[in-house]
Amino acid sequence: MNDETWIVVKKKTKLNRPVLVVGLPGVGSVGKLVAQHLKNEFDATKFATLYSDHFPPKVTMLKNGTIRMPSNRFYMLKNKKGSRDIVLLIGDDQAASVEGQYEVNQKIVEFFKDTLKGEFIYTVGGYAPGEPVTGSPKVFGNASNRKVVAQLGKSGILFGKSRGMIFGSAGMIIGFAKMDNVPAVCLMGEVAFVDLDAAAAKAVLTVLGPQLGLSIDTKNLDKIISRTAKALKEVEQQMMQQLQMPQLGQQQPIAPDQNPSYIR
Amino acid sequence: MNDETWIVVKKKTKLNRPVLVVGLPGVGSVGKLVAQHLKNEFDATKFATLYSDHFPPKVTMLKNGTIRMPSNRFYMLKNKKGSRDIVLLIGDDQAASVEGQYEVNQKIVEFFKDTLKGEFIYTVGGYAPGEPVTGSPKVFGNASNRKVVAQLGKSGILFGKSRGMIFGSAGMIIGFAKMDNVPAVCLMGEVAFVDLDAAAAKAVLTVLGPQLGLSIDTKNLDKIISRTAKALKEVEQQMMQQLQMPQLGQQQPIAPDQNPSYIR
Amino acid sequence: MNDETWIVVKKKTKLNRPVLVVGLPGVGSVGKLVAQHLKNEFDATKFATLYSDHFPPKVTMLKNGTIRMPSNRFYMLKNKKGSRDIVLLIGDDQAASVEGQYEVNQKIVEFFKDTLKGEFIYTVGGYAPGEPVTGSPKVFGNASNRKVVAQLGKSGILFGKSRGMIFGSAGMIIGFAKMDNVPAVCLMGEVAFVDLDAAAAKAVLTVLGPQLGLSIDTKNLDKIISRTAKALKEVEQQMMQQLQMPQLGQQQPIAPDQNPSYIR
Amino acid sequence: MNDETWIVVKKKTKLNRPVLVVGLPGVGSVGKLVAQHLKNEFDATKFATLYSDHFPPKVTMLKNGTIRMPSNRFYMLKNKKGSRDIVLLIGDDQAASVEGQYEVNQKIVEFFKDTLKGEFIYTVGGYAPGEPVTGSPKVFGNASNRKVVAQLGKSGILFGKSRGMIFGSAGMIIGFAKMDNVPAVCLMGEVAFVDLDAAAAKAVLTVLGPQLGLSIDTKNLDKIISRTAKALKEVEQQMMQQLQMPQLGQQQPIAPDQNPSYIR
């Protein structure tokens, strides 16, 4: 426990040429929704835990009255014979410092490549485009090299259409995979909501399923999608009312000349 | 002094299967009030001091004209024959960086377990529930394992009823205790005031006393409680007056249309 | 890859007494514009890349669908026979922490001096004077020693006329060059725009060209300059309109007594 | 230069049982004013420079066209025969990170004690009391131990009358001096201005002079004091005018009901 980032393997296991799916917190919680969904639908088994002195210094209170240290957890999902086994990486936290991000994400790639003999990495995130989302959300891809772009270019993933930066694990893991010659891709669902966007997660699962050799039921996500749509409508109605009837104590000064009818 | 966090033991002592009570700064100052109260009521003796390069870089001015480096201080309280001795951890500071929190709190658990041969840890904190506090404050508990939950579940501590995160020492020490197999629990008094809540401290002492084998007089806390109640009433009255007579220069804009009677 | 900052050399090459031109992000993007312009005009070749755990933890999405880790990249530009070869340092990032700035910039100076046997360093930045810029932008210089000041004092560079601090690589590299006895100068174009100021970049290129033994065509920069001038006029017009017609919902309270005509 | 904080000694010298006066940036710039004044009045000689990777990453532009790395500089002032020699510590920067503060200040104490064989440390700072300063500014003291309090208690320094924390070098150096058994005191002039308070600096010099065995002329400070007083009056007049005539665009909303005469 001298190391600043370390992985405790609880169950030794032999995996068949595994692929990794990384679903950590981020834009729209898309990665988290995707990885959790795979874990629940296919009943994946936890086999290793990553701890780090760079995670936020807190513990999570659990329903059974105990606590959990900040961690990223590896689950395995034995696939059909002949297909690659799947490893999921799930957690509530990412490293909280610049240098910690480098250390933790490099460790993840190293563990997957050297210890698990892994052969491909998917990270999952959300992408908020400048304009409003219309129709079903797109899935953008950014790969570790052009060969991966060519391989996945016809599977419903848009390459070269997203701009800017990918922050945190979803981006850094692809970067370290590139440096370590592990083919990898970051899949980003187009999000309309930055907190939680189940429609974006569903879109990613739709393109990811065939790649993983899985047939994925997304009914659970549909429930979240319709619940979000309902909540959104309520928020919109409340905003309309507030615009019409400002309340006392609001931190929202309105210059008198803007609404002459109230003053005169 | 090469180490970044180090403990200076001033008085060597033999303790009987000690338990640790951690009372460092935090929500409602509950931990600090509880540990200070135990120290004063039972005249505990300082025997060791923890220093760290991760504490805020400042010294405290003392009444006698000297200064004190940032530190966490260990006090001992020899208990009745047959009962476990008690160690208190008191201080004005917690580590100021992410990595420092890990280092300092791990050091505390290690010192208590390996050097003091300690057997149980209580950390004390405050918990601010979403709704207003009614009646006497509740005490929430989060333990290092289910055995502790079962042991303490009938002593007036609510397990599994608090949600979210426990930040800093109160949480991290339970986390490291779990990793090091030291049974431990975080007790959180329900707070109405985030700065100082003596009622929450009293509630914690009420459930903690029997566990420690101590009969604790809380008269001193009662004084603080009634002083707080009085101060609160004054603040409320002032707020009422301010609402009625806003002063020039306040950073509190009130839209003209909200209070037509003043304008017309 | 154990080191926290490391340089990967892809093409080994022999350079003739090279000079370094550093163009990293900063005030007015002057350094970046200058270095990019030299790279494009003279078709410089990338030969080494610097990576660091202190760069911001993110990857850049590229047009070809792949990604790039944060890095500073070295390009070489073989010069006319007899003239010094030129090395350009280009990148989108600087170290994100205090200690990282020291480590990365020291590494750059060390690599240039010890590995490339470099003999002179130019860093390029922007300088925002207190008063408005009139006429063509000035170029301010700050050197590693007085000999450099004497050498360059008659080449259109103003020494001793700028005040305050030079933050980041443009300053620190001169500081480490001074410590390592590499003659060096920071050239700062006078900027009117803190984001992007092509006129300042052109001014620096005008004094830098003769020093490097290069005749530099700046037509491309002229396009940016006129585009900026046009955009500026539009912004000014919009601001004038906004001053005359405040919109509902703006965070810009106007006290009633300031514009009596609207109220009465 | 592998070390993160290091001291370069340029002139080897033999000092007679030296005392250290630390004047680094802080409240009211009192420390800086005091140390600079001693340096100028007694023509002290620079003999050593402390550099650190923890100082802010920037260089200072100098009037001669060159630059200076962030540093703390040691000056010596040979005293009358029989009196202790004086070492001044002057600089524009303090460490910019928590851990850096511990490293740099510990290094200063270690160098003074072990290399210079120093015997007493004065740090100088400013203290902003809750109430307005009336009459000539007081000088508050906080010592490393009670013996120093007893020694200096009758020299016009108020011990045990200041409350709270001393941040940064002025405090930490006293703390490390206490740990290393070097008698030390922090002298804080009572400040009315947090940026620059020459009256507070003069007050400190008045009590410090006899301790150092120096007769100190403070005419230069008197000029700053009267200049500050004049500037203050102008600011007050401007504020009065602004209160009477609020300007368009100020971020200072005034509710209409507060000043009915303007509205009706």
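Every chain is named by a letter (A, B, C and D) in the order it is written, and numbering of its residues begins at 1.
Going forward, contacts are C-beta pairs under 8 Å (C-beta built on N, C-alpha and C of every residue); 3 or more make two chains touch, one makes a residue touch a chain.
Predicted model only: the values in this text are computed from it and were never measured.
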Equivalent-chain rotation between chain B and chain A, CA atoms, steps of 5 degrees: 90
Farthest chain (mean CA position) relative to chain D: A
Fraction-based call for chain D against chain B, same above half, different below: different
Rounded Å distance between chain C and chain D, as computed from the means of their C-alpha atoms: 35
Geometric centre distance via CA averages, chain C-chain B, whole Å: 50
Residues within chain A bordering two or more other chains: 253-254, 256, 259, 263
In the complex, chain A residues that touch chain C: 95, 98-99, 101-103, 105-106, 141-146, 148-149, 153, 159-160, 162-168, 171-172, 174-175, 178-179, 186, 253-260, 263
Sites on chain A touched by chain B in the complex: 1, 4, 53-69, 96-97, 100, 246-248, 250-254, 256, 259, 262-263
